[in-house]
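This structure is in C-alpha cells; I'll ask about it shortly.
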Amino acid sequence: MSRPSLLWKFYIAAFYIFLFAPLLVVAVFAFNASPFPSPPWKGFTLEWFIGTGSVFGKPGVLMDPIWLTTILNSLKVAVPVAVLAVVIGTVNAWLLERAEFPGKTLFAMMMLWPLVIPGVILGISILAFFSRLANGLEDFLQTDIDGLRPGLMLIVLGQLSFILTIATLIIAARLRKFDRSLEEAAFDLGASRTRVLRTVTLPFLSPALVGAGLVALLMSFENFNTTLMLVGSDPPLPITMYGQMREGATPAINAISLLVMVAVGGLASLFALTSKGDR
Amino acid sequence: MSSSTDLEIINVIKRFGSYNAVDGVSFSVAQGEFFSILGPSGCGKTTLMRMIAGFEDPTSGDIRIREKSMIGVPANRRPVNMVFQSLALFPMMSVGENVAYGLTCRGVSRAEADKRATRMLERVGLKGFGDRRVTALSGGQRQRVAIARCLVLEPTLVLLDEPLGALDLKLREHMKIELKQLQAMFNTTFVYITHDQSEALVMSDRIAVMNQGHFEQVGSPRELYNNPQTPFVASFVGETNRWSGETASASGDAVTIRLPSGATVQGKGQAGKAQSLCFVRPEAIALGTDQASLGNAANRFEGRVSAVLFDGANSSLLIDAPGFEKPARAVLPQAGPLAGIGVGAPIHFGWATDSMKVFAA
Amino acid sequence: MMTKRAGLKLATAFAALMVAGTAHAAEKLRLLTWADYAPKDVVEQFTKETGIEVEITLSNNEEMISKLRATQGAGFDLVQPSQDRIAGPQAEFGIYKPIDLSKLKSDLFIGSMLEATKKNTTIDGKVYGVPHIWGTDGLIVNTKAAPAVADYNDLCAAAVAGKSSFRAKRPALIAFAFANGMDPFAAYKDVKAYAALMDKVGAKLQECKKNVKFFWDGKDQLLNALRSGEVVAAMAWDTGGWKLNSENPDIKFIAPKSGALGWVDTFALPAKGRNDDAAYKWINFNMRPEIAAKVAAAAGNFTASNGADKLMQGKLKDQFAESFPKAAIDNIKWYPAVPAGLEEIEGKVLDRLKAGS
Amino acid sequence: MKPAQRLTLFLLMAPAILWLGLLIILPHVEILILSFSERVAPRVYQFGLGNYLEFFTEPLYWRTFARTAIMSILVTACTLVLAFPIALYIARVAQGRLKAMLLLMCLLPFWVSELVRTLGWMILLRETGVVSYVLQSIGLASQPVELLYNDGAVILGLVYGGLLFMIVPLANALESLEPSVVEAGFDLGGSRWTVLRRIVIPHAMPGIVAGSIIVFMLTVGNFATPVLLGGKNGLWFTEQIYAQFITRFNWPQGAAFGMLLLMLSSIIVWAGLRLSGQSLGTTLRQA
C-alpha cells in the first residue's frame, strides 16, 4: 500500500482510544471518592483498596474477606489448571508430533473440538454428566463424592477441558520446530532416554512450557462462561465480580479490576519476555 | 593400514513394508580407514548409516564392530558416534558443554570432563571457545565442534552424514582438507556418507558407490574413476560423455558401436547383444586443428564448437559433429594452438579405443 | 533463569495453598443463606460457643434450589429457602431431609408461625422446614417524585414512565394477579386455571414493561437506582425500603392496596448434609431472642423468634408501624406452598416477559 | 511394535483419552440423552421429543434463538469491517517497533477479564455514566442520556470483545501478501479500490474466514456481555440455557437448548468453511 491517508491514520487513532477507553475508566474510577463509579470526580482516594469500611460502608478490596477468599479460590483453580495443562499438554503434543497410531487424524480433530463448543455448553454438559456419574457412584459405593459435585474440583475439570487444547497447541508448535537429530545426537553420545529428555528436549521446550502455563493461568483466571455453570459454594473471582456487578457497580469492583489488570499485565509481560527467547 | 577390521557389515537388508531400502549390503572397513559411501539421495545410504549408529534395526544381516555384533545394542551403548547432517549441536549449551556432554553421560566427573573437552577443543583448533554459545560460531567452527564432540569419546568409529552439505562452496573445499587431516591426526576410522562425488574422491581411502539399496562397486577413488565396473558408476563418478547405440561388431573386448545418428565409435568392454552404452571422459578427448594432430587415435571426427563453458580449471567445450545426436564434451585447451577458440570454429577431435568404456545396455 | 525462578515461585505458592487447604480440619457448618442473615458477630459468637466454624454462601431462592438440585442435596449442611419453595422442589428432586423437631427447642419459635410453616412444608407427614425470618413484598416509593403510587398497577402509570421497576420473578406475577382482582393462590390446585390466570397476568406485565427502567436483580442494584433517582417506584422487599427511608425520609415502603405479600424464610436440611448436629445447634442458637434480634437488625426484617421483638430497636418498629396500619397487616397475603409444576408455567410467562418486545 | 512400546504409547495416550472421553465426549452424550427425556411426573422421565417440540412451538424460544443468530452475524460483520483497516495498517503499513507495539496494544485488553471490559462499558454508557456526563457538560444534552440496556450497547460490547480475534488472523493473512503483487496490481493500472477488491481481499480470505468463524462462535456463546449490557427486551440464547438449568431446574429443556445452540454454531462454522473452501484445522491454526 502506498502512504496511508490522513483519514486512515485518524481512524487508527480513534480505534485505539476506543480499545482502551473502557479499561481506562475502570482504572480511573477505582480512585474516585464516591460510592458510585461514575462522574463527577469527587477527589482521589485509596479507600476502595485499603479502606476499613468506615467511609463508604464497604471495606476496600484488600481488606474485605469476600474478595480475598474469592482471589484465593481463583488461585486454587488456576494453579492446578496450569500445572495439569502443561503436563498433559506436553504428553498430548508428543502424541501429535511424534507418535504414530491408528486414528491419529481423528485424534487431532477431536483435540480441536473443545474450541468450537460454546463455554456455556461445555459447562452444562460437564455439570450434567458428572452429576449422573456422582449419582451412579453414590448408588454403587453408598457415598457421595464431593469432587464430582459443583465446586472447585469440577471448575478445574471444566476449564481444563478447553485450556488443554490451547496448551497442547502451544507446546506442539514448539515441538514441531524441534530438530529431532538433537535427541539422536544426545542418544548417540551415550545419554539414556531420560537423560535426553532432561538435558535436551525439555530445555528446548521450556519457553513453550512456561508460555503455555502462563496462558493457562490467565485463561483460567478470567474464565466466566464455563465456570458459571460449575460453581459451588466457593466462587472464583469472575463469578464474584459478576454477582457484585448485578448488584450494582461500586468502585470496589473497579479496584479489584485494576488489580486484575496489573496482575495480567505482569503475567503478560513475563510471557512476552519468555517467548522472546523463542526466536 | 592395519589389517584388523573395525566395522563389518554382513548381508544387511532393511525393508520398509515391501520396499527394500538396503538390499543385501556387505563390506568391511579397516582400522584407521576413511571409508565413504557415495550415492544419489534415496539410494539407502542414510538408512545404512542409521543402522550402524543404532537408530534403525536391520531386517536381517549382521553389523559387527571389532568383531562384536551390534544387533540389539542401543545407540547409546555403541562405540560409534555420529556427526549429523544438521550437526545437531545443542543450542541450549555452550561449546564446552557440548563437547563434554558425552563424557558426563558416561559418568566422568564434571571437572574431568571439562578438562578433556578443553584439551579436545585445543586439538581441533578451537582453543578458548569453550564458553561461547554454539550459535555464535561460524559454519566451519561448528563443524569442528561437532567432530570434537564425537572424538572426545574416543569411539571406534565416527559416522559422518553429509556434514558439509550446509556450507558454502569455498568453505566446503577447505573443510574437505581439514576433515582429512583431522582423521589422519586422530587415526580414527571414519565412515562418511555423501552424494557429492568430489567430496568422496578427495577424502576417502576407499569408496562404495551405492544405488537403489545395493553397492555397485567398492574401490579406491582412482579405481572407480578409471575402471568403473557398471554404467552407473561410470556416469555417477566424475564428468563423462555418454552415448548409446547399436552393437555393430564385437571381438574379445574390442567393440564397435553405431550411434543412432550414424557415427561409428570404437571402445573396449562388455558389449550388449543389440544395444550398448559407451562412456568417454572429457579429458580423454584429444583436440586438434586438423586430422593429423590427433595422431593415430582410432576414433576421429570433425565438428564445430557449439559452446565454450569457461570455469577456470574445469572449463570445457561442447562440440557438435555430424553423426552425434548429443554434443561431445572436451576439456577446454587454455594453451597451445587452440587457446582462445570461439563458438562456431571448426575443430577435429578424437580418442583412443582404450579410453572408451563400453557396457551392455 | 527467569523461567526457573518463576517456576519455583509457582510451586511454592501451590504448596502453600495445599497446606492452607488441609490445615482447616475443624468442625464446620456449611450454610447456604441470604445476604445479612448471618452477620459476622453472630457467627463469631457461635464459633466461640460451639467450636464450629461457619462457612457462608450467599444466594437466593432459585439458586439455592438449583445448587441443591445439581448436587442432589449435597454440599451444604443447612439452607434457608422461603417456606413456599420447599414442598414442590422436594417432591420433584428430593433435595431436603426431614427435620427432627425433637432436636429443636420449639418454645423459641412464635407458635403460630411455626405451625403455619410446618403445615406448608410437610410432605408425607414429615416436616421439612422451620421459620426463621419473615417480611413482606410491597412498594418502595419516592413519595416526592411519585406521590400517586399506591398499588402495583400504579407502577405502570404514565406518571412513572421509565422510572419504575420490579423483579422479573414470581412475586411480581402473584402481586399483579392480586392487584388485578385475581386470586392466584386459590388457583394453585388447578393447573389449567392457573396457566390461564398467569397468561392474563403476563399480558398485563407485558403492557407495563415499557414503563420499567429495568427488571431488578440484586437488592443493592435497586437501592442504588432509587438513591440516584433513576428509579422512583418499585416493587421490592420492605427491608430495602426501610433502609432507604432512614437515609432519605422521602422514600417510603408502602403496603399496596391489594395487599403486601408475606414471605417466611426457613431453615431446611439438605438431603446430604453432613453435619446435622451443627445445623440444629445453629438453629437453636439463632432462635435465642438476643441472637435473633441481632440477625433481624442486620437483615432489617422480622424474626420468628419468640420474644425477640422486645429486644429490637425502636426505629424499625416505627417504620413498620408507618408502612403497615392494622388493615394492611390483615391484608398481607402469605404464600402457600407452591405445588410442583406451577413454576414451569410461571417461568414461561417470565421468559416471555423478558424476551418479548 | 514391541509390547513395551505399545504399553508406553498407551500410557501416554491415557491422559488424552481421559480428557476427551470424560470431559468432552461423554458429557455431550449425556446432554444429548438428557435433551430427549421428558418429565411426566415428579422424578419420572421418559424418552421423547418434547423438549425440542417445546422449542419449535413456543415462539419465545425460537425467536430468542433466531435473534441471537442474526445479531451474532451482524456483530461478526461489524467486527470485520471495523478490524480490516486496522489489520491492513498493522500488516502492511506499520514497520518495526510501531508494528509490534500496535499489535501488542490490541492484545492487551483481551487478556483482561471480559467482566472488567464490560464494567468499563457500563461506566461509560450508563445514565449517570461518563459519556452522558460529557454530553451534558459540553451542552449536547440537556438531561442524562441512557445509552445502556439496549441492543446497541450489546452489539457494541460484543464487537469490542471480538475485535482481537478478527485482527490477528486478518493481519496474519495480509502479512503473507507479497508487496510486489500489490505493486504489480498498481503497475498494471489498478486503482486503490480495484487493488483492494481484486488482490488484497481475495488474498486475505483465509484470514477473513478464520476471524469471522471465531468471532461468530465467541459471540453466539457469550453470556456476560448481553446479560450485563442488554436491556429488558433482549434475551440471549445462552441466558435461556442458563435459566433452564439454574432458575427453572429444568435440565432436560436446558440440554435441548444446549444441543440446538451447538448445532447452530456447528452449522454456521461448517457453512462458512464450505463456502470459502477452508478447513477447520488450518483455520484455527491461522488464529
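Each chain gets a letter, A, B, C and D, in the order it is written, and its residues are counted from 1.
Here is the rule we go by: contacts are C-beta pairs under 8 Å (C-beta built on N, C-alpha and C of every residue); 3 or more make two chains touch, one makes a residue touch a chain.
Note that the structure is a prediction, hence the values are computed from the model and not measured.
Removing chain C from consideration leaves the other chains joined as one piece by touching. A comparison of the C-D and A-C interfaces places the larger number of contacting C-beta pairs at A-C. Here A is the chain whose Cα centre lies closest to the centre of all protein Cα atoms. A separation of 34 Å divides the Cα centre of chain A from that of chain C.
For this pair, chain B with chain C, the centres built from the Cα atoms lie 90 Å apart. Between chain A and chain B the centroid-to-centroid distance comes to 57 Å (mean Cα coordinates, whole Å). The set of chain A residues touching two or more other chains comprises 36, 127, 246. Touching of two or more other chains is recorded for residues 228 of chain C. Taken as a graph of touching chains, this assembly fits none of the simple shapes: it is neither a line, a ring, a star nor a complete graph.
Working note: touching chain pairs come out as A-B, A-C, A-D, C-D. Touching chain C in their complex are the following residues of chain A: 36, 72, 75-76, 79-80, 82-83, 127, 131, 134-135, 138, 144, 146, 149-151, 206-207, 210, 213, 232-234, 243, 246-248, 250, 270, 273-274. Chain C makes touch with chain A in their complex at residues 2-3, 6-7, 10, 13-14, 17, 20-21, 30, 32, 55, 57, 67, 70-72, 74-76, 217-225, 228, 272. Chain contact summary for the complex, chain B toward chain A: residues 53-55, 74-77, 80-82, 84-86, 88-92, 101-102, 105-106, 149-150, 153. Remark: chain D residues 42-43, 58, 60-61, 63-64, 127-128, 149, 231-235, 240, 243, 245-250 touch chain C in the complex.
Taken in their complex, chain A has these residues touching chain B: 179, 181-182, 184-192, 195, 199-200, 203-204.
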